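Both of the next two complexes hold chain A, though its partner changes from chain B to chain C.
This part shows the complex of A and B:
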């Protein structure tokens, strides 16, 4: 019965799955069509323009979405690695789901970077000229570390599945037999002890790499740019790291909630998993709000004029509705999760997931507010710029979300979403 | 330190330290099983090669689309 339930999502496909997959495929295909249109006509079809003399923003929705996906990507492996390193048995049922979310989010992050490149056909030039760039270009640092992080994350996922696939191989769909053969390449049961030792060290490496990537390499893309008001700050590392972890835990809560609901795994994924994840999420949101206060107070009290104009735009001007919406959603989520934690409100899986979904959305908007304002309020005395994303940018953003869900659904039809060991 | 060298130190000297540690643990950590270690490390090595090849292919394919 237990194994049957584990294999049920692979072996049985309902009409709801096909309907959802069909709808998501349409959105993903629309994304491809929009990208083709952008490739044929150039970035002029987006709202992106040169900053300063161009009165625009050369970075917008694509870069904000890239940062957002990178943040989500870090939670999955971090949660899974923490489960292995700290032996958090209660969270084991969600480990694989978290790993898959990481891998898919990293792919979508890569897609958004590719969308943002004016000449993506020259993407390999970055590798050709690698050694002359890596010494001084934070962009090349990003490519290096994200590529290694993605490769190690996929390896972690695949290596940790070998025993399960070996045990279930005969009962898995024949259609994907070549894929299972690849996962099991060179497999023999005696490898288990060495494999577990390597997975432990790989988990440790991934947690450290995640911290250095989300709290280092990605924020350095912004924090090292002395020319951009609002970015050049040592605060960017912890700011980005906390934002990444918060959006990641929130995204995992949402995905696990949906999987639990759709597959009827209420018994396998207990409500305690959600209350357990909601506590670090509440702490991270408080820390994030604290850093927003630190940043804005420092700028408003004695910041340089360009920094002050950005701060004014965020707090009282052009971006104020979005900024206060983000702060409001975070504050309400913290209040709800905190009251639930303190026992003043009854625990609720559904409401926790709603609060988490709010945080995921709010942190996407916050990434836009990190990326865009600095270009519209430049240090040099140019008029204030303008940036309005076009349908192409919205199509590509929503398309990656649809594609991410579609890939997750595809994975659920090929591999078990929960480790066999949990069941045993 | 000049800008030209700082990235080498930051990336290969600091950020990738956890990866070096993992590689050392794979070969020298107990239980020692070099065969299994090589097999398991073949996966990230293969994926890295595949990613670079994929990047080249993507660039080549896009050059047919971009005017």
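This part shows the complex of A and C:
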């Protein structure tokens, strides 16, 4: 890509950027205010309550949003790592965008966990007691793998940027010079070969870790709990992994679409990138719908009564409107993407992005439907629960989305969003 | 070493809920939290309708899923068989509540001064002016507090309810009473002697003798939690029972 065009978003900032950044900052500040309100009054300000006698759900939107962000976090680095390992040169232009999405999503996942716990001031107890708990608690496994994933993905992003920053350093804004100095710490022009080796191994490690995170420790949070009907299943691993990859690819499609639109990079990011990404998305969505069928049929047909009541609530009961909306959005998206793949419909970048956005939203609702229903229909003869998220929960959820977009926009003003042409 | 456990004689229980209230009085639990709870449910159809009462304390399991999932070791098994929460270590993730199949965990959603049946926070200051509660009663904390709850056992703060906002609490088998040689409050206050407490490892204890007299069963035994609360007589609640009482949403 031409250097001038690559540097344009960094060197020129339009009124649109300021307007968007201002609006997003307001939402992010609102999130901060809502969080302080929650810290002051306790989690009573949320819609969460004890299950059973308190007829509520102790986990809700925060945990569902955490799972959602972890899922999206895979997109980036997994796509970028796959591009490197499999030498998919056609997708090179979106590699860095994807990496940034990963790092930001991981941060937002961490934020949602912090919102969820009652005593964030004591969070260091997890580190103090780490060695005595890591053998037992799936939550500690989660923290471990997420921290490793975060360190590796930030390293990957920083190491892959060094060459570009070194070449462009003098043309980048002086305001962020310390940041560039940090990225270029110990830089040597002959480091290229060593750096490529490091990136290759990091890519391999990240692909392996991804399976352990979204197909492992996150589903194990739920799948190992024999206490809650509808969760205890070996299916959770593949089920979560496929959902995570689908939401990740869909989120990357949406982000890349917006970047391409806003920066006018139609030439640099070709339409083939979108049709190429939509194919694995379609396959993953079909697999996901197939696993939903497996799960629901198992607990509805043969399951003990407690399991049946969960399935009943999802398919025909209280949660049916949400459940069928999720299935409907996924089915329409997969039908559209499939017909486009088969050539029955003309390829369209815009409509692909709309389908992808639908999938991202549907998978957020699906995560709520995994977490909440089991608490509302307990095994013992407790009253049926209710869970309605309050304005605090919506504020914190939407606030993290605004903050994520804001961080991405901030990154685009500091670092080039695309790798420069590989110079031999 | 002792291994405390409880037997609940359902043939004697009338569902009077004296245990529920005794627990609330003894442990100062917040509004809506019932560490002891009595399921009241009916089953069958006229003319065979049956009404059952089933008291439900914490099961103090020998294989407690809540302790296994705790990320900080705040929920732990005491050597005397209690399953307890270290209120000073808990981070409030509520994973123990998720992992427990019995629904015995109660989170402090509100600040303690607002979670009691009388709001010693906002409401009291509106009625009597700021600071008047501690001044009027000459107490340090809330005037309804049982002073035994400030006591630590093996260096850990584990007794009593309504301790801190944002931490998990549940039935402690009244460790602060048992350590003094008293029975748990629910057992002490049962007018029918339906609740029997004692050392399961001592064949001469009340609870061991009660267990040897009648066939016992345990709640959700199939989940492998090995509860130390045994039910005598009665039957496990089926999934089709009709509830007669509901909880309270705070």
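Methods note: the second predicted complex is superposed on the first by the 420 of 424 C-alpha atoms of A that agree within 3 Å, B and C clash if a C-alpha of one lies under 4 Å from a C-alpha of the other, contacts with A are read in each partner's own complex, and residues count from 1 in each chain.
We adopt the following convention: a contact is a pair of C-beta atoms (placed from the backbone, for glycine too) under 8 Å apart; a residue touches a chain by one contact, two chains touch by 3 or more.
In this text, all values refer to a predicted model and were calculated from it rather than measured experimentally.
Trainee: Using the superposition on chain A, decide if chain B and chain C clash or fit.
Mentor: These partners fit in the superposed model.
Trainee: Determine, under the contact definition given at the top, whether A:136 touches first (chain B), second (chain C), both, or neither.
Mentor: Touch status of A:136: both partners.
Trainee: Is A:382 contacted by the first partner chain B, the second partner chain C, both or neither?
Mentor: So A:382 only meets chain C here.
Trainee: First (chain B), second (chain C), both or neither: which does A:145 touch?
Mentor: The answer is first: A:145 touches chain B but not chain C.
Trainee: When the two structures are overlaid on chain A, which partner does A:154 contact: first (chain B), second (chain C), both, or neither?
Mentor: first
Trainee: In the superposed arrangement, which partner chain does A:227 touch: chain B (first), chain C (second), both, or neither?
Mentor: Touch status of A:227: second partner only.
Trainee: Identify the partner contact of A:305: answer first if only chain B is touched, second if only chain C is, both if each is, neither if none is.
Mentor: second
Trainee: I'd like to know which partner A:55 touches here: chain B for first, chain C for second, both or neither.
Mentor: In the superposition, A:55 contacts chain C only.
Trainee: First (chain B), second (chain C), both or neither: which does A:44 touch?
Mentor: A:44: touches chain C, not chain B.
Trainee: Contact-wise, after the overlay, does A:216 reach chain B, chain C, both or neither (first, second, both, neither)?
Mentor: In the superposition, A:216 contacts chain B only.
Trainee: Quick test of understanding: once the structures are aligned on A, what is the angle at the Cα centre of chain A formed with chain B and chain C, as a multiple of 10 degrees?
Mentor: Given the fit on chain A C-alpha atoms, the answer is 80 degrees.
Trainee: After the superposition, pull out the minimum Cα separation from chain B to chain C in whole angstrom, please.
Mentor: 7
Trainee: Which residues would you name on chain A as touching chain B in one complex and chain C in the other?
Mentor: Overlap of chain B and chain C footprints on chain A: residues 119-120, 122-123, 125, 136-138, 140.
Trainee: For a test of understanding, state which residues of chain A touch chain C in their complex under the given definition.
Mentor: It is residues 41-44, 48-56, 58-59, 116-120, 122-123, 125-126, 128-129, 132-133, 136-140, 143, 225-228, 304-306, 309, 375, 378-383, 386 of chain A that touch chain C.
Trainee: Using the touch rule from the top, collect the residues of chain B that touch chain A in their complex.
Mentor: For chain B paired with chain A, touching residues are 3-8, 10-11, 14-19, 21-22, 25-26, 29-31, 33, 36-37, 39-40, 43-44, 47-48, 51-52, 55-56, 58-60, 62-63, 65-67.
Trainee: Taking the touch rule as given, give the residues of chain A at its contact with chain B in the complex, in rising order.
Mentor: 36, 39-40, 114, 119-125, 127, 134-138, 140-141, 144-145, 147-148, 150-152, 154-155, 158-159, 185-186, 191, 193-195, 197-198, 201-202, 204-209, 212-213, 216-217
Trainee: If we count contacts the way the header does, which residues on chain C are in touch with chain A in the complex?
Mentor: Interface residues on chain C, with respect to chain A: 32-34, 37, 39, 41, 56, 65, 67-74, 89-95, 97-111, 164-168, 219-220, 223-224, 237, 239-241, 243, 246-250.
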